[in-house]
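Two complexes, one shared chain (subunit A), two partners (subunit B, subunit C).
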Partner chain A sequence: MFGYEFYIDPSRCIGCRSCLQACEECETHRGHSMINFDFIDREEGIQSAAYVCWHCDEPTCAQVCPADAIKKGEDGVVHSSLKPRCIACNNCVLACPFGIPKMWEPEQQMMKCDMCYDRTSIGKRPMCATVCPSQALAYVRPEDIAHRREKPSNTFVFGNQTITTKVYMMVPEPAQAVIIDAADYIWEARR
Partner chain B sequence: MNLLRSKSAEPLWKEEFSVHTSDERYVSRRQFSKFLVLTSAAMFVGNLWILVKSWLTRKPVYPEALIANLSDVPVAGVKLFNYPTPDDHCILVRLAADRVVAYSQKCTHLSCAVYYSAERKQLLCPCHNGSFSAEDGSVIAGPPPRPLPKIEIETRGDQLIARGVETNARG
Partner chain C sequence: MAKLPVSDQQLIELFGPHLNFQPPGGWKDESVHPPEKLVKTHCCFCGQQCGIQLKVRDNTIIGFEPWEEFPFNRGMLCPKGVKRYLQSSHPDRLLDPLLRTDSGFRKATWDESLDFTVRRIREIQEKYGRDAVAMYGGASLSTEKSYLVGKFARLALGTRHVDYNGRLCMVSAGTAYKLAFGIDRSTIPWSEIPKAQVLFVIGANIGDCAPITTDYIWRCRDNGGRLIIADPRITPIARNADLFLPVRPGTDLALLLAMLHVIIRDNMVDRDFVEKYTTGFDQVAASVRDWDPRRAAEITGVPPDAIEKAAHWFGESERAIAMHARGLEHHSKGVENCSAVINLCLATGKIGREGCGPTMITGQGNGQGGREHGQKCDQLPGQRHIADPAAREHVARVWGIRPDELPQAGYTAVEIMNAIHAGEIKALLCLCFNPLVSLPDSNFTREALSRLEYFGVIDFFMSETARQADVVFAGSLHEEEDGLGCSAEGRVIHWQKSVDPPANARADSAILIDLAQRLGRGQYFQFEDKDALLNELREASRGGVADYYGITYDRVDSEHGVFWPCPSLDHPGTPVLFTDRKFYHPDGKAHFMLAEWRPSGDPIAADYPVFLTTGRVVSQYLSGTQTRRIGALVEQYPEPRVEIHPRLAEQHGIVNNDWVRVTTRRDDVTLQALVVKTIRPDTVFIPYHWPGIRSANRLTHRTLDPRSKIPEFKVSACRIEKVSGPESSPDSRPAHANATEGR
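== the complex of A and B ==
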């Protein structure tokens, strides 16, 4: 599906977990969801956020891989680790600023969201985007997302590390980049 | 390595193990055939060099050395000696009353010491069951690739004198 992009809007997430169920249906990782699902502030409210891999332009997970097991394809999709190469060292799990890679312990292999490569590579939409009722996870053309109040941004700033990604985050209009101060969030959590 | 790669800001390992599949470089047919041609040319030159070197080196001169007296060695008996240096162990066998042969004792396979078996008329290596003919030192069975180097023996009256080592490398 040339020209389609993935847009994530946590403010639209209603916490139905349809995406988790849909992801588990995938044949390559049946029973294991590759969606990251979090509550924004579990103590205070019910706002949830579901998100997939952001498929960074320079993926940190692949850069730290000592076994050259994680590859970014020409279409920009960062794939799960290659089974013959992955040594289950957890470097990628620790290094990813978004917390995306998952170590699949029984298989001793890192698995992650590969944007349903079996579907998107033949022109179908990813499982999660097809089932999301509020289109918090949307796989659409840029012109179809332009009418929304939030605007897409694919720049994330983690301290000194600036990351650009294939997947877009919908942010309030004045913001150009998503600036995340991880230490600040840890401080708030201790309140 | 700087001669072989074009200028790049990335370190070599990052280029060779790129995270992007589009940057992965596989060996091209041209590179492979270049490797084959250059390697076989190097092998050819190396062999030429060995050949020229063997032409230029002179044949070694062996000293004469008294080994034993013929009367001290019984028929089908054996005498061990060192020739041409004290580190080269050799074995002398009296096959018949008037026939004496001597060989290096080092098996040509893995340098174990061979011994003489009078009933089989063979020189046997116990390590891997190699056997050599006692008549001319040629390989009869087992893993040795070459015959045993032969020690030239001259009989002067009662004296047995070693005169040289005859190595048949062709086997």
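== the complex of A and C ==
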């Protein structure tokens, strides 16, 4: 969809896993979800994070592929490995700094989020971003995201590697310390 | 009579719950057999009533597609909505009427099962009187079905005892709103939420129980709004609160009284509004004089400065909304709790204008529409009171009877079960209600059901309650009959029929109408089509508070829903209430209601020193009759777990995943621990969607709010101890071992 971008905002995520459930309903990979989802540390807090592939401008997965099986389309979408070429070597799975690619053992093929190109090419938003109740995953125009509290960034620094991506991460303005333990809010605990 | 014919385990093997993971024909089938049509309808779970499109082929639902044009959710769906389609074509689906035998249930014909029912009802009523028969309805029924339940019970069964499972949901809020405003509805639609400068959310786990509302709240924050959350747990939305008030279970009222105290003490009262548009302020002001934040802090555990800050944020803002749900309402002082929230809004003039107002987040699928047109024990269509002579006159005229033929008010849902237990009520017809899982103190419920002389259940699956029945009628799913619903916002919507009931299952309304005919009362139940039924409901509601006269299917379809009251066909509907500062009492004013402090009905003591509170998880719905049969939802949260703070856990030597026995004055259950810092250290939490030995409602108590008769699900006294494992039981299932997945 022309003029739309994908934004991920973990501060909005409520951990409902609607994205995960909806992804496996998608036409091209029915029964398999491509969403990565985790509670960060459930004992310490309720923070959860759901994310899709970041679709790097220079995808590490494609760079390390010895079979040249991973292609980026003109729309910037990085695709699953091409079945005839993929040798299931797991290089991409190991190399991706975001941990996105998954090896599908029965098919001996790397599968990953393709940002629902089958949907976006006919004017529909990606399934996960359509259903996401908190809009932690959002597929909208840049002007629609600009007024949010958190602001978009698409530059990630992993040690010596700096990566720019098609998908944006929403990041907070510098925040004050956040108390995460219910006990520390209680009156008796503070007396 | 109504004891189990065979063991639970045998019934589970025959009727489930079994898990349905894939659409009909498997995952690959849709690419070979694409859908023939997309039907625009709504999710069957929860009061948000998200728009959704169901994919249909060969009279079968094969999947879903988001409905982005529907304005409330704009395509958004929670996991229950995504997987809702899997309840259709489910292997557990009841396809024939079933009659109990000594060895279980056998298939029966409709004639046989209906005639048996009519014969038993007649015998019981001749022997014990008309009111020895009771009827249960439910708030997941369409508005028309809810209307039919009330009419069927009163005209066909001739009993005064008809009530519904909304009694377990938000009736305390409804009662409080009626007392204050003369109308039982959220005062605003959700489109107002992003306009507020302060959102005060008390007792509402919105992320898990009303997920779509989260986006509205985050949009409010994007606009600079501040979020205050009062809850014993740091819920997914509380994580982002600007002010978190960790209120002790059962003490919300003390917090609210202290907030009003501060608002009055520090001159934040809108004197002009109070004087012109309200009554009763002085009495309420006097009642909070002694409630300084220090006293409230002792009771609630919320620091005095946090209470001061909450009151100031709320009182000083130009626009503020107060939202509440079951956490505030499920108390033996539920009405007082809600009245105290309303009092905050009235005192500060935050009502009837942009970005303001008290808001209840109704929980059940048709929690709003199901409580407007007569399936409540004291209510006639249009939110009329059954004791009101003018209301009786009007409804009797529409129904073609004399007013004295209408029974008077009967018992509420829990009182009906009490009367069954006491032997006063001998027969029960139950539709859309699973009281064995959802009523408090389930051992009492099980015993009561065993004392029935006739028990009939209409359901699409064999619920735990249906296992106790003499007759189980194979009824219809949400998608198998046209009907209206009304969302938490007050928006009347269209549940569009997508498929016919399968095999010999029948539409719920057809079952009630057939029964009415066999009871010799068929002349009152003649409806040609869905419009004819709605037209009678429109007439019956006309002139009442919940006036639907101006609402038709055509309007609902073309306008993406209509907000009631809508008294005429050219009326635009009423999204925001009270914009003219006129309230629905005869004096036109809003009424402050006294809310006085009382302790809970199951007090903490030395042998029961820990608070127990119950609630929902995002992947399950109510008693789980539907959602415990959908594989992906069960895998998301397979077993109920008891949430414990690490400090409390440490005192008992409990670590994550240990088995913990939770004991109350009723019973005990043994569940695995989820040790988390997101709950008060004096409180444990258990979700209530499961039956049998995993059922939270074995632990809860039957204390009722004296006016609304809502049970006090949200606070019981318990003790906890580490044990080696659960006792084996027929309905126990393998435990879930993954610590981080459950929540």
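Annotations
One rule holds for everything that comes next: the second predicted complex is superposed on the first by the 172 of 191 C-alpha atoms of A that agree within 3 Å, B and C clash if a C-alpha of one lies under 4 Å from a C-alpha of the other, contacts with A are read in each partner's own complex, and residues count from 1 in each chain.
Note that contacts are C-beta pairs under 8 Å (C-beta built on N, C-alpha and C of every residue); 3 or more make two chains touch, one makes a residue touch a chain.
Just so we're clear, the structure is a prediction, and the values are computed from it rather than from any experiment.
Partners subunit B and subunit C, brought together by superposition on subunit A, fit side by side with no clash.
Judged by the touch definition given at the top, the superposed model places A:155 against neither subunit B nor subunit C. In the superposition on chain A, A:74 contacts subunit B only, with no contact to subunit C. Counted by residues of subunit A touched, the larger count belongs to C, out of subunit B and subunit C. Applying the stated contact rule after C-alpha superposition, one finds that A:59 touches subunit B and leaves subunit C untouched. By the touch criterion stated above, A:21 is placed in contact with subunit C alone, subunit B being left untouched. Residue contacts after overlaying the shared chain place A:121 against neither subunit B nor subunit C.
Superposition on chain A places subunit B within reach of subunit C only down to 28 Å, the least C-alpha distance between them.
The touching residues of subunit B, counted against subunit A in their complex, run 17, 19-22. Across the complex, subunit A meets subunit C through its residues 11-18, 20-22, 24-25, 27, 30-31, 38-39, 42-48, 125, 127, 130-135, 147-149, 180-183, 185-188, 190.
Contacts from subunit A toward subunit B in the complex involve residues 58-59, 62-63, 65, 68, 70-74. Those residues of subunit C that touch subunit A in the complex are listed here as 22, 27-28, 30-31, 63-64, 66, 68, 73, 75-79, 81-83, 207-208, 211-212, 214-215, 218, 221-223, 232-240, 244-246, 297, 300-304, 306, 618-619, 632-633, 636, 645-647, 656, 674-681, 739-741, 743.
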